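Letters A, B and C mark the chains in the order given here, with residues in each chain numbered from 1 onward.
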Amino acid sequence: MALLELRDVEASYGPLKALHGISLVVDEGQAVAILGANGAGKTTTLRAISGTVQTSGDIVFDGKRIGRRAPESIARLGIAHVPEGRGIYGELSVWENMRLGGVVRRDRNGMKQDVERAFGYFPRLRERLKQQAGTLSGGEQQMLALARALVSRPRLLLLDEPSLGLAPVIVREFFRIIRALNQEEGLAVLVVEQNAKIALASVQHAYLLEVGRVALDAPSTELEKHEGVRASYLGY
Amino acid sequence: MANFFQHVIAGLANGGVYATLALALVLIHRATGILNFAQGEMGMFATYIAWSLINSRGLTYWLAFTITLALAFLGGAAVHQAAIRPFSHRSELTVVLVTIALLGIFNGAAGWIWGPEEKFFQSPFPLRVFDVGGVVINEQDLGAIGVSLACVAVVFALFRYTRLGLQMRASALAPETSRLLGIRVVPMLSIGWGLAAMLSAVAGMMAAQALVLSPNYMLLVLTYAFAGAVLGGIDSPIGAVVGAYTLGVGLSLLSEYVPSLGSSLQLPVALAILVLVLLVRPAGLFGRVVVRRV
Amino acid sequence: MTQRVTTLAAAAALLVLLPVTVSHFHSYQLALVGIYFIAIIGLNVLTGYSGQISLGHGAFMAIGAYTTAILSVNYGVSEYWTIPCAGVITGLFGFAFGFPARRLSGVYLALATFGLAISIVLVAKRFDHFTGGTPGKVLTLPSSPIGALSTQVWLYTLTWSIAIVTLAAAWLALRGRFGRSLRALRDAPIAATAFGVSVGRFKTVAFAISAFYAGVAGALFAIAIAFVNPDTFPVSLSILLLTGAVLGGLGSLGGMLFGAFFIEFVPLYAARVNKSAPSLLYGLILIAVLYALPGGAAGLVDQVVRVFRRASTRLERI
């Protein structure tokens, strides 16, 4: 059952066309990766979904067309977009950042449960509640961004380059949590990554983008074995 | 010694008015990055509305005060939607000019509707004086200090402890990220403008009891409020408030102990302080320094 | 090229013929237009070309006017000689202000200049032994040295001759390296520094030049009105000057002509409706122009000319 579907989506930044007709599908409870080199259009694809860039073509989420909606309204439908660079509020405390994740929630009790769950995944955050978010380490900030997204109880989680600037051991931990969220809780995930190896190990399906177009679209196990992918993106 | 305290209290009363307006300026600057030159005039216009409610419609002071605050809130939000949003992607010069244009519009409109003659605006506090150990304290001054502190406290509490306040802070800090979290950023900014307008209205009404009500009376207050805000830090609410109170007290003491300056040069002194602070430490005493070398 | 020459020739002819065809009073008003023209050319150099917002140009005019008043009343200097003096002295004040102000950017500079505008009124009132305080100074009424010309036409000739000279000077200065440096510092200050443009120096010089122009305008104003007092140059004048410059089109010297006409005539007509109407009117017009016509009148003229050219090339093809 398709949770998210993109059909021939195009997007431009002014005169520069970034997406030349992308089509992809994310099913309920599925984890999908978008791979590709710099400038391939990966971040733009996520932006197209969360409504922060103008697009043409169809974007359908949970049966509703969201291509023309404002980002706030798309977020309220259950899409949590953790942008490149994490997007946390450096000046606010850890707790305040987490509370902001709950803006879309109306049920106070449900939100409390989700906050507890988030602390379950990221116990270190509980220790640093009053600390200014900008003083956290890169890895902790990434955890905070994800925790904040979980507080909103999303249907679909969009992650943009979570491994950027982080030490390998932290990246592994992060993706372990992503796998747990996807496999144990059934959270649908769409992750954009340059680190193809760890991404493919954590998802069921993947798309390879090149210059704004889908070059390959296959289950992750197949892509791991694909000659071209191995040479260009996996390094062996 | 008694003289000293009397001047401190008078300075705090003036400082309270500047602080309330300064807080409005900081609010707007933090939310939308704009220095609103029309902030004082918006307060003036609201005060005229209060004046008509009291004098033409016979309402009691506090009822008129409350209604005026409500109208100011709506007015501030309306100004944001109608006059600021359309220019959100334009240059800094353009936006400054828009706020100058608003200054002219409110100034002219007030003069047209109510006439340019000076009017008397009553104080809600009785004309009583207390003698505390030789220091003569004016109840009206105490009232002004009390009202300004109350406003500042309410605004601080709103921002620190409420969900709405948190959303407003988030919208000001990072509007794009906030949208991704489902925060309706534009309405948050309009609410910010509404709040700032309310603060300006309070400042206007407090100032009118000491000065006279005329279309231009708030220009002076605005300049002092700017000076205080810059002194304390234009992006720091606490800083701006402290800066404004400090300025008020400082100028009051200056006028007493340095008579050659007299009261007529208080403004140029305040401005000299303003320019000095901008040159030496633009972030103000409490602000964060953002390094940008050219 | 020929288009330019014909326009200039037509303008010159108009300039010379105008006082002959209109009444003496209108000549006087046109003289004031000339004065505002000089002032806002200076403002244009500052705000339009070097991108420094100034809400205090009225203050510079005041300095020029008071210089003329003090020199001619207190020291008996002939009014006409005071004009260049006023320009130089105001220019020095501009330099003195511009020097520390070069480190202020955008809104903060606007704030500081706003403060300057408000202060000048108070300073003029305070130092009354020098400036004549609130009652001000009365100068000798202007009289035409040339018998054939009436006083008003003489004033017209005086102001417009100076206006043309200052316009030409500005045009020449802005055409070359100076103008390009100013524009670089307006549009891309960091890049400009990388290219060796000394930002601070140019900013200060721009302030000095614009103050010089305003000082000359102020001096002529004092001569024409024969009276100066603190209320002659209120904050609203500074705002009006900036509005006129914006309406004319920042970055366009020719547009300043339109701006100058606006400054002289609009408040006059608006005040007939209601004393407070002028402020209200400029505010509304300013917002409307900023929204719809950011290039001001000059921008509008450009657009119209472009439409005509496109239409005429299309006709040629048929």
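Criterion: a residue touches a chain if its C-beta (ideal position, glycine included) is under 8 Å from a C-beta of that chain, and two chains touch if they have at least 3 such contacts.
As the structure is a prediction and not an experimental result, all values here were calculated from the model.
Q: For the interfaces B-C and A-B, which has the higher count of C-beta pairs in contact?
A: B-C
Q: Just to be sure I understand: the centre of a chain is the mean of its C-alpha atoms, right? Then which chain's centre is nearest the mean of all of them?
A: Measuring from the global C-alpha mean, the nearest chain centre belongs to B.
Q: Relative to subunit A, which chain has the most distant C-alpha mean position?
A: With centres defined by C-alpha atoms, farthest from subunit A sits C.
Q: Could you give the separation in Å between the centres of subunit A and subunit C, each centre being the mean of its C-alpha atoms?
A: Computed value for the inter-centroid distance: 57 Å.
Q: I'd like to verify one number: the distance from the centre of subunit B to the centre of subunit C, where each centre is the average of its C-alpha atoms, in whole angstrom.
A: 32
Q: State, to the nearest whole Å, the distance from the C-alpha centre of subunit A to the C-alpha centre of subunit B.
A: 43
Q: Could you pull out which subunit C residues touch subunit B in their complex?
A: Listed in rising order, the residues are 47, 51, 53, 55, 100-101, 103-104, 106-108, 110-112, 114-116, 118-119, 122-123, 125-126, 189-190, 193, 199, 235-236, 239, 242-243, 246, 274-284, 286-287, 290-291, 294.
Q: Under the stated contact criterion, what part of subunit B meets subunit A in this complex?
A: Per the stated touch rule, the residues are 163, 166-167, 169-170, 173-174, 176-185.
Q: What does subunit B use to touch subunit C in their complex?
A: 34-35, 37, 83, 86-87, 90, 92-94, 96-98, 100-112, 116, 215, 219-220, 223, 226-227, 230, 262, 264-265, 267-268, 271, 274-275, 278-279, 282, 294
Q: In the complex formed with subunit B, which residues of subunit A make contact?
A: Interface residues on the subunit A side: 50, 52, 70-72, 75-76, 80-81, 83, 87-89, 91-92, 96, 99-101, 103-104, 148, 152.
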